[in-house]
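Next up: some structures, all given as structure tokens.
Both complexes below contain chain A, partnered by chain B and then by chain C.
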Partner chain A sequence: MKQKLAIGLVLGAAATAALAGPIEDQIRFRQSAYSFLGWNTAKIKAQAVDHPETFNKEEVVAAANAVAAVANSGLLGLYGEGSAEGTGWKPSRLKVEYFEKKDEVKEIEAGFIAEANELQKVAASGDVGAIKEQFGKVGKTCKSCHDLIRVRE
Partner chain B sequence: MKVEVHVWDWPLRLFHWLLVLSVLGAYLTGKEGGDWTDWHARFGSAILGLLVFRLIWGFIGNTHARFSNFFPTVPRLFAYIKGDWHGVGHNPVGALAVLALLSVLLILVGSGLFANDDIAFEGPLYSLIDKDLSDKLSGWHIRAVNVLLILVAIHVTAIGFYQHVKKNDLIKPMLTGKKKLPGTLAPTAVASVGIARFVIGVLLSVSVVWYVWGGDPLKYLQPLAGIQSAQAGGKIQ
Partner chain C sequence: MKQKLAIGLVLGAAATAALAGPIEDQIRFRQSAYSFLGWNTAKIKAQAVDHPETFNKEEVVAAANAVAAVANSGLLGLYGEGSAEGTGWKPSRLKVEYFEKKDEVKEIEAGFIAEANELQKVAASGDVGAIKEQFGKVGKTCKSCHDLIRVRE
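Let's look at the complex of A and B:
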């Protein structure tokens, strides 16, 4: 019992460390998470919007599940103090203004999560038209966040 | 005595108003994103075609459509400022605005073709360059939008100023093609639009847009050129 508790404590501490992490880790996780999102959204766009003749339900469902999972993973936990100036895989493109616009971003994030969850449901139905429409809504939430707090290259 | 003079030829007017609609469409769909990105690319491509047409028409169009007719050279600008300019088409300062608008639209289309939004939207030439460069061009694309907004505001304000303060209606001539001018300024003969020139302009514009989207216009243009040279050859004999 004591042993289990000890292991639990150690794991908990490790998890907290990973959560708060050195700032570079946060930025790397953040950039990886968004890149992974981009991979999945590109796949849905290709199969449900641009070339519906290539639509593969299994792949689109997998992509929509991944988007929803990442959306629900608490990404705003990776926006620690100082993470706008740091470098992850590459210099971060988070605007410093983020820290004054946290409330607005929280709202955008909530919308993003809701639309991603809905996309997951719609994808499971296999209705290409409905997926296309819902995918457009998800894309808008990505864009509204980028327009607000992502540095323009 | 004032006479009615034909100033703007119909392809130029058609170009102007189609451009207004396409720019409005591209602007709104670009801001909206999401489902509308497909339409953004369509409006953008329409603008590409229109710009190519305008560049061609600037050399083979009717008198007042030609760049040589209204190019704002330094002497022309000075003459205009001193009040000595008595032309019929664009005045030299207006011409500066026209050229600035066309240039920023060229930059917008040029960058848009290679741009990406990191979500699910890419210009048709995106894959020709590397991602970093595409990201940079996407940033410039959006900056150029702001420059365009400023130029459009100047353009519209200036026309409003002419309309209400100088009592010089510039809008109606862009619709009907006709301006009321002092008899002394009226050109003697007004050429009609050369249909062949218009068709060549349209064919080339469509070809450029089609090529950008992966088409092969040469396949269709070559036989056409063949027919023409065959005809020309026939006449000579």
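Let's look at the complex of A and C:
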């Protein structure tokens, strides 16, 4: 009975943490998520900010969907105890102070999700000016988090 | 005038290829996209296939949105000439035969997109059995591509 409960707890934890297994996996998955995010934000920046003459609605909508999907993917599940140190694809850049600032980060994440969801809506409208403006708001939430808990390179 | 045209072409190409810049960036971005995809497919597998008793609709919907976002992100833009060799986060596993099989891969990509879009719809329904079945269809498109153009580890 005790064993059954233990197995249940392990399964439950595995499913909730969803591959937040070994520290290195967590770090590698979050680095992958942010790189995929960066590829997609770069597409939006290129087409809605830097070179609006190259705007391609279909590509920007796809990129905004990707940004929203990353934002809503449960990234904080990849910030387990001990994950400020360790190497995924490269060494973690998470400040150890994160673990004292979890509540603040959770609030920033909520802002990131809200602004990314709004960007997804605005992108579907195809209004380049509005996309540029909303893209700036998403970027601010990224920066808040970087300033708070990411080691400068 | 000639110079202006040349600049225009460069800008156009930059925006279209959307950061498909140096070979190493392409490889790193595609490795990131597939790792982010793998993290999300693992969540769906855990909750809809292996341990349906842990099914959490909100998490599975978010994961299915992520799978669809990756599928629709224009991955083939990251398979430029020369990108079968080179190192992103790790050495590329793309077979050089890809460049003779582009049309076949494009067809597989279309299937991947269609099945991932369907998974996104089915996930929103919350029907675990239907999600499991549709998840299997997505997996088959992944495997087709792996068998065709990915070097075995």
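Going forward, the second predicted complex is superposed on the first by the 135 of 153 C-alpha atoms of A that agree within 3 Å, B and C clash if a C-alpha of one lies under 4 Å from a C-alpha of the other, contacts with A are read in each partner's own complex, and residues count from 1 in each chain.
In this section, contacts are C-beta pairs under 8 Å (C-beta built on N, C-alpha and C of every residue); 3 or more make two chains touch, one makes a residue touch a chain.
Since this is a predicted model, take the numbers as computed values, not measurements.
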| item | value |
| --- | --- |
| Partner chain in contact with A:Gly136 - chain B first, chain C second, else both or neither | first |
| Partner chain in contact with A:His146 - chain B first, chain C second, else both or neither | first |
| Chain B versus chain C, judged by how many residues of chain A each one touches | C |
| First (chain B), second (chain C), both or neither touched by A:Trp89 | second |
| Which of chain B and chain C A:Ser73 touches, first, second, both or neither | second |
| Touched partner set for A:Ala62, first chain B, second chain C, both or neither | second |
| Partner chain in contact with A:Phe36 - chain B first, chain C second, else both or neither | second |
| Residues on chain A lying within both footprints (that of chain B and that of chain C) | 42 |
| In the complex, chain C residues that touch chain A | 11-12, 14-16, 18-19, 28-29, 31-33, 35-36, 39-40, 42-43, 46-47, 51, 53-54, 56, 59, 62-63, 65-66, 68-70, 72-74, 89-90 |
| Residue ranges of chain A in contact with chain B within the complex | 34, 38, 41-42, 44-45, 49, 132-133, 135-137, 139-140, 142-143, 146, 152-153 |
| Interface residues, chain B side, partner chain A - complex | 32-38, 117-121, 135-136, 138-139, 142-143 |
